[in-house]
Amino acid sequence: MRYGAMFGPNITFLGIPECDYSDSKSYQDADVVIIGAPFDGGTSHRSGARLGPSAIRGTDYLPHDGSRPHLATRMDALKDIVVKDAGDVEMFSGDITKSCDALEKVIEKIAKDKKIPLILGGDHTVTWPNATGVAKAIGWGKIAVLHFDAHADTGDITFGSLIGHGQPMRRLIESGAVKGNKFFQIGLRGYWPPEDVLKWMAQQEMRSYEMSEIVSRGFDVVLDEVIKESIKDVEGIFLSVDIDVVDPGSAPGTGTPEPGGLTSRQLLDAVRKISVELPVVGMDIVEVAPAYDHAEITALLANRIVLEVLSGIALRKKNLQTGQVFNYSQSLLNDR
Amino acid sequence: MRYGAMFGPNITFLGIPECDYSDSKSYQDADVVIIGAPFDGGTSHRSGARLGPSAIRGTDYLPHDGSRPHLATRMDALKDIVVKDAGDVEMFSGDITKSCDALEKVIEKIAKDKKIPLILGGDHTVTWPNATGVAKAIGWGKIAVLHFDAHADTGDITFGSLIGHGQPMRRLIESGAVKGNKFFQIGLRGYWPPEDVLKWMAQQEMRSYEMSEIVSRGFDVVLDEVIKESIKDVEGIFLSVDIDVVDPGSAPGTGTPEPGGLTSRQLLDAVRKISVELPVVGMDIVEVAPAYDHAEITALLANRIVLEVLSGIALRKKNLQTGQVFNYSQSLLNDR
Amino acid sequence: MRYGAMFGPNITFLGIPECDYSDSKSYQDADVVIIGAPFDGGTSHRSGARLGPSAIRGTDYLPHDGSRPHLATRMDALKDIVVKDAGDVEMFSGDITKSCDALEKVIEKIAKDKKIPLILGGDHTVTWPNATGVAKAIGWGKIAVLHFDAHADTGDITFGSLIGHGQPMRRLIESGAVKGNKFFQIGLRGYWPPEDVLKWMAQQEMRSYEMSEIVSRGFDVVLDEVIKESIKDVEGIFLSVDIDVVDPGSAPGTGTPEPGGLTSRQLLDAVRKISVELPVVGMDIVEVAPAYDHAEITALLANRIVLEVLSGIALRKKNLQTGQVFNYSQSLLNDR
Amino acid sequence: MRYGAMFGPNITFLGIPECDYSDSKSYQDADVVIIGAPFDGGTSHRSGARLGPSAIRGTDYLPHDGSRPHLATRMDALKDIVVKDAGDVEMFSGDITKSCDALEKVIEKIAKDKKIPLILGGDHTVTWPNATGVAKAIGWGKIAVLHFDAHADTGDITFGSLIGHGQPMRRLIESGAVKGNKFFQIGLRGYWPPEDVLKWMAQQEMRSYEMSEIVSRGFDVVLDEVIKESIKDVEGIFLSVDIDVVDPGSAPGTGTPEPGGLTSRQLLDAVRKISVELPVVGMDIVEVAPAYDHAEITALLANRIVLEVLSGIALRKKNLQTGQVFNYSQSLLNDR
Amino acid sequence: MRYGAMFGPNITFLGIPECDYSDSKSYQDADVVIIGAPFDGGTSHRSGARLGPSAIRGTDYLPHDGSRPHLATRMDALKDIVVKDAGDVEMFSGDITKSCDALEKVIEKIAKDKKIPLILGGDHTVTWPNATGVAKAIGWGKIAVLHFDAHADTGDITFGSLIGHGQPMRRLIESGAVKGNKFFQIGLRGYWPPEDVLKWMAQQEMRSYEMSEIVSRGFDVVLDEVIKESIKDVEGIFLSVDIDVVDPGSAPGTGTPEPGGLTSRQLLDAVRKISVELPVVGMDIVEVAPAYDHAEITALLANRIVLEVLSGIALRKKNLQTGQVFNYSQSLLNDR
Amino acid sequence: MRYGAMFGPNITFLGIPECDYSDSKSYQDADVVIIGAPFDGGTSHRSGARLGPSAIRGTDYLPHDGSRPHLATRMDALKDIVVKDAGDVEMFSGDITKSCDALEKVIEKIAKDKKIPLILGGDHTVTWPNATGVAKAIGWGKIAVLHFDAHADTGDITFGSLIGHGQPMRRLIESGAVKGNKFFQIGLRGYWPPEDVLKWMAQQEMRSYEMSEIVSRGFDVVLDEVIKESIKDVEGIFLSVDIDVVDPGSAPGTGTPEPGGLTSRQLLDAVRKISVELPVVGMDIVEVAPAYDHAEITALLANRIVLEVLSGIALRKKNLQTGQVFNYSQSLLNDR
């Protein structure tokens, strides 16, 4: 019994085949299973991210035909690997505990079935059940989290709740699902968190790259360092992308926009590179709030982040099979 | 310890004095106490109503000086009676049970202190704690609810929850806080609820005026009937205004807009009339979602609904003291 | 081979079952067949109506579950009759002749199969093939057109083309598909057409109700006159609703908004009444341009116009079977 | 030396011929001269009305061809009378005194040349120079002002200035340009002005129709009363239309929107009727602020208000010449 | 007989003098002739580009006075060379064949008259007639196309049509108007075209620079390569700029936005450099869709792209006359 | 007697304590005093900047609690130094002379009290009184102005006025308040000013960095040069930031957006660096026009520019006390 869509028409990501997360057979041929987490009960300010999954699935000017040949790598992420869409998990925004629990169970099941769960948020609260579910399947404390975000999301109790979109990373470290020194945060900036939280983060040996450091050292240098360090001592990578890591000019449709972020180009190239070079075992893209978007540019960016990761996963699979190495500066478009 | 604002700057409704709901003395001179209920965890579709309280308080092109002389009645609602703003109740949208409980306690306390609580929502979930709190103070089953809305809000379990913005009226009747035959719903339309819920409503002897009936019989006729019937056998009136009762053209900033509603003029005149002619003991204005608003026209309408009610309450108080009766067609502006 | 959606995800109107217009068996049990006409090549100013079909199908805050119990009539239009969605006809906006021809063939086929075609436009050009197709099936010159619009759409050559969104009514009369004196236009206003076109219209004995006449005589009076006159000497009614008949405040999302129109309430009640009292054999709803909409209120209004018509058709069918007559002012919600 | 446009391209109202206000010969054949007053230095809250003239001139989906055949009256306001566009008066918003002085001189000159000045504002400050200029030409204290507005605009010193968009009516009465008892205000509502200003207004014997009175007595009744009373003892009528008299749903693009206003239909019909039945000697349409508009619906409404007035003036001229009387309920569209 | 504007007021680009494309004498003194191509019948998804020409011509906060002194080069593009505006070509969007034919004839005529045609689109369909017309004048197969775009636009039949905004480049190569190896595409990205089209492109020896290659090798390196290679074996350069080459954050007002594009700074500098260093014989700027724009930033960007090219052309002319070479890092603003 | 807010609720910048500029004692413990200058009477095109102060003060998703720990520097700008908010100066936009005079007096007083005035504009007119007031306190001709802007703002009489948002820099140099060779302009671009103004600027020995020069030489190189040169021979730095220096994609909410600007990241890092390395004695942030903003991203950027400067001032104070030097590439977040 597939749940389908919590809000709006029952569509799949760009027209890919659907599956049912309660029925392992329905996705047994899949490499990646997409799941919607339409939840925004954990946001600390503007809500709206619950409509993220439908926006990310449905936007695009190209036909919804289950094919997306990638211009730079010549992989077709929706054909060269098998990607299925399991629909949404029902997540009532008014009950954060129950909703997170429901989501975690689904993610754990999919990950235990050896599929890569790719979650469309929803607010960042969902990374707590997402990464927990994956860790339960891959190994407790045996995954690294690569975390693109303007915010560290390592807060403690907020509005009287231990759970929320500002706290998932703390919960993951406290539970042991992810070790503090396997957290790599890219794109942080602004005026949060306060000193005590920073101290806690340092104690956990988290590695956080603030934008000024990134500008000063160079984005490529930082990214290479993350790629090299993150894979040590773990079985896989969980990639968590908060759309607000990108500058609000290119990603206005989000709840807590923080000026001065990455360009969309930087993020798109980075997530693809990570997916090619590291074993991604789970991913989420969160905090797309369509009510604040303009001309769907934020939803479209999130849609492309998913496609870049899928293209990267497809290329990695091919490279592993063929032993090839991809050279980005080589122009695949013009070889004769 | 006044909680203040859950989101954004700590402002009061149009600059009126603040008070602290935990301290009865701070509002002992008040006729009406305004409370923000910044909650949208109960919405079944678009969220965003949590930012309603700050929008309703802060919009207006006139000075925020705690004075609003009403042109039609010549009452100054913010001066002729005492209105204070108690700030927001902390309502984490991710925990609907706890949030409703917190709100109910505040409302009950204020009502028991013989003040009229006027709640700025938030989604319509909040009417459950609001009217419950008032009923506990005024008399269980001894208030009538005058309910302006496009939707009956009498649903049962939704997304696995008994509580939500589509269910407050059922909860109130089931608990006995309000008797079914003391519910008067004005402005209903559209394609909800289904047959079983309609049957339940009829069993409760609720009185619901659908828009086609209102058009057919005339709005004034219907309103007079409601005013006459509602006051029988009760100690006071709870007025609940869902902004979506107004046509989406004049109130686009809401979560579940239903075309074909009242004009804003009809609603403004109606709530004032009710407040003059009936003993309002509590009120809420809900479902203003600023993210979907344009040029603040919805927030401004909600702000004016509050002012019309306050003006009506002030006029009623004066009329009761002086024995005067107000004649709307008499032009107060031109008497010499 | 169902064509599906020309733009965006392949969804049906509010989740009703799909059918294939090239396969009569797929819709043989249907009363009404919905078809998308995603075309805006005929617009004389702002384009954008090609995205109307997907917007009208997909908007709504209620579940897309193929059920819409109508509050005023207690009919469930999507259950009490059978409504299927045949998807879009491919209509390349750059080739108006070919696109209209393709659409006409589909409409004619469905009408000949004794189903009511209900077309989601697209710009008003599509009424030419729509009504032509229906006339070919029902009887050439044997249908009346009830036409809600701000504009008469009786122009001649525009931008060098005989076909366009300002000319469908002239084409229909010139071809004989519809007789001039069986055209009833409601809601006209503004500053078009010029004298020569008005003269032509008078010669055709078209009946056009300008807004000032409607205000002066009363909307109900005018509507009753139209209902009484239109049915004489014809086999059925084609209902054509241009969303711009409604005031731009409630329907901003359109290409040629003309201030001073009907209220959405008036239109919703009118189309339902027509569908109950007259034998509707075809319908289109046109000129919804989502790019100019705000908070989806125009798309939602169009969606409701479709639902009111379907509810009316369902009620008419029931009334014909049972001999009942519906009384709008009788409160169905409150009978016990 | 025609000044042309203060902001943006140098266009005329819907493509009519241009003239130069400094050169009487350039408009000697005109009945009406349009002048832009691109000023918003007098606004008490949101600015933006300086871009009103260009928006009102340039909006419209019909060709800018200097022809607008009016559907209800069959007059072509841009052809049956001569209307010319004199461009903008340079009005630096930072110098209200100098700007008003410059505007007044232009209006006085045009009115003395026996042309009807029709001013596109700009904020409502401009009615002070506009009506002053007309009174200087027609007769000091010998014009009536018909004033459609949500606000009385009779304030005294604001932000330290005697001049501003909340004060023009007081200035006009104080100077004697217009007698207090020749002021007729329609559509007032809300919570301004305070008691002392109301008292001053009553002393001046101004006649103000608040919305509740209008609803209670009927718009037609009130309008007929205004038409009958205003013309007594004056030589002509100055019509001043603040777009905010219309409900914000249909006119969001303005600086101080006040919910609960007239419908656009009511206003369009009213200004046409006034122009047919009374000798309009000057007119302004003010407070259109494009930055707050959506899909140009407010600018379009203002454009149509101008066209209705021009159509009315044309019809009045024809009626005076022919002795005909226009019957609104007579359907000009269908006579054979 | 100048056609003027197809939509809206008849304005010229920033107030430059008008000319008539049917009358060579009217532009015989011009270096560049601007033509509007208000067509969007070829778009594969969102329409709206037909309003591009009026938006590009009319936007700007500076006076429309026919002067634009360029800060970096100290050329005044509208004065140092002669630029005239021929108005729009009538292009009914519903008839792509006829519209393209009409446009091509105009462009060919202007190019044969030795003027540089500069076309304001319109969707990208128009590059087919544009470059064809120029090639007929300059030499069949003797121009290179420098093509800034997110998309290759080399598709074959789409929606049953050979012509459309995704196919112009294929049509140009197939006809021989432009040789495949003289196509230089900059800024491509995303998930189109599919493999067969890529193969065809490689066969034609097109040179396409995908964004990842551009980032990897450096934009300046790539641009220098294009400048060096493109000029070989041709008589002139046709520059085609699709606004969607820029990141959607800075150019949201377009039909098919693809995240991850160039910055507006990169594009502005690039088109100027090209215009200085290469003999541009024709240019178009396409795909500006105002309905999706915000605060006119996309229209303004397109306006500036035109001005940068014109400034470059002016500088090239001066350099050719004087033998000077421009040094961008030399600060012209501060020399003493 | 604190004036408070000219428009809307009386809030302080992010909840910091208020003070009264007429009462020196109220801010005697402050390092920085924030003042609102809600004026847009000087704008040459779009108005709206008068609502800048309230937008900049009130935006932010974080609690308005008077604390903002800076992630990169670990300073809390609102706690480590004392910042107070003096509210707005009353500046009627219709009287530029009086308004500038009032503002100048306030700024001079605060600067003479040895506090750093930080002014929230308002249009750029206000820099004339701002820098004049500071120069009167610090030393006539003894401050340098670091001016981030798309425009030079060195115009002469405009719309008949010597004062306006395009002229403040000329006025400052002409009066001698700032020497021409102590003006450093960063980010200029576009097509203004004309030759005669450029000549005047060169005569004054102003130093202006156009965007092409900045791209060509590198932003860091240019910034270092400015930092080194500006401090020579002066007593302090006045920092004036026009939000339009940033690309319109990231700062759409402004009156005269000019494509091709700095990234928000570049600006944020630059103003912080300046504040750390130079003695800032006054600052203004201007031209934020909320009516043109989207999702508050421009207001948020301006808010962050203020916070970066305050963080820099706090760090400079600490560095001066401790002798430390800050290293941006050193990761403060991860030290253990």
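Labels for the chains are A, B, C, D, E and F, by order of writing; each one numbers its residues from 1.
We take it that a residue touches a chain if its C-beta (ideal position, glycine included) is under 8 Å from a C-beta of that chain, and two chains touch if they have at least 3 such contacts.
Keep in mind that this is a model prediction, so the values were computed, not measured.
Student: If you take the mean of the Cα atoms for each chain, which one ends up farthest from subunit C?
Tutor: Measuring from the centre of subunit C, the most distant chain centre belongs to F.
Student: Of the pairs C-E, A-E or A-C, which has an interface that repeats that of B-D (more than half of the contact pairs shared)?
Tutor: A-E
Student: Report the inter-chain centroid distance for subunit D and subunit E in whole angstrom, where each centroid is the mean of the CA atoms.
Tutor: Roughly 44 Å separates the two chain centres.
Student: Taking the mean of the C-alpha atoms as each chain's centre, how many Å separate subunit A from subunit B?
Tutor: Whole-Å distance between the two chain centres: 41.
Student: Using Cα averages as centroids, what's the distance between subunit C and subunit F in whole Å?
Tutor: 57
Student: Of all residues in subunit A, which are in touch with two or more distinct other chains?
Tutor: 45-46, 247, 249-250, 263, 292, 294
Student: By the touch definition up top, name every chain pair that qualifies.
Tutor: Chains touch in the following pairs: A-B, A-C, A-E, A-F, B-C, B-D, B-F, C-D, C-E, D-E, D-F, E-F.
Student: Considering only the defined contacts, which subunit C positions touch subunit D in the complex?
Tutor: On the subunit C side, the touching residues are 44-46, 188-195, 198, 201-202, 205-213, 215-217, 247-250, 252-253, 255-261, 263, 292-294.
Student: Any idea which subunit A residues touch subunit E in the complex?
Tutor: 61-62, 67-72, 74, 76, 247, 249-251, 263-265, 268-269, 294-297, 300-301, 304, 307, 328-336
Student: Quick check on the complex: what are the subunit B residues that touch subunit A?
Tutor: Contacts found on subunit B: 6-7, 40-43, 45-48, 50-51, 90, 92-98, 125, 158-161, 163-164, 289, 291-292.
Student: For subunit D, which residues count as touching subunit E in their complex?
Tutor: Going through subunit D, the ones touching subunit E are 5, 8-11, 15, 57-58, 60, 64.
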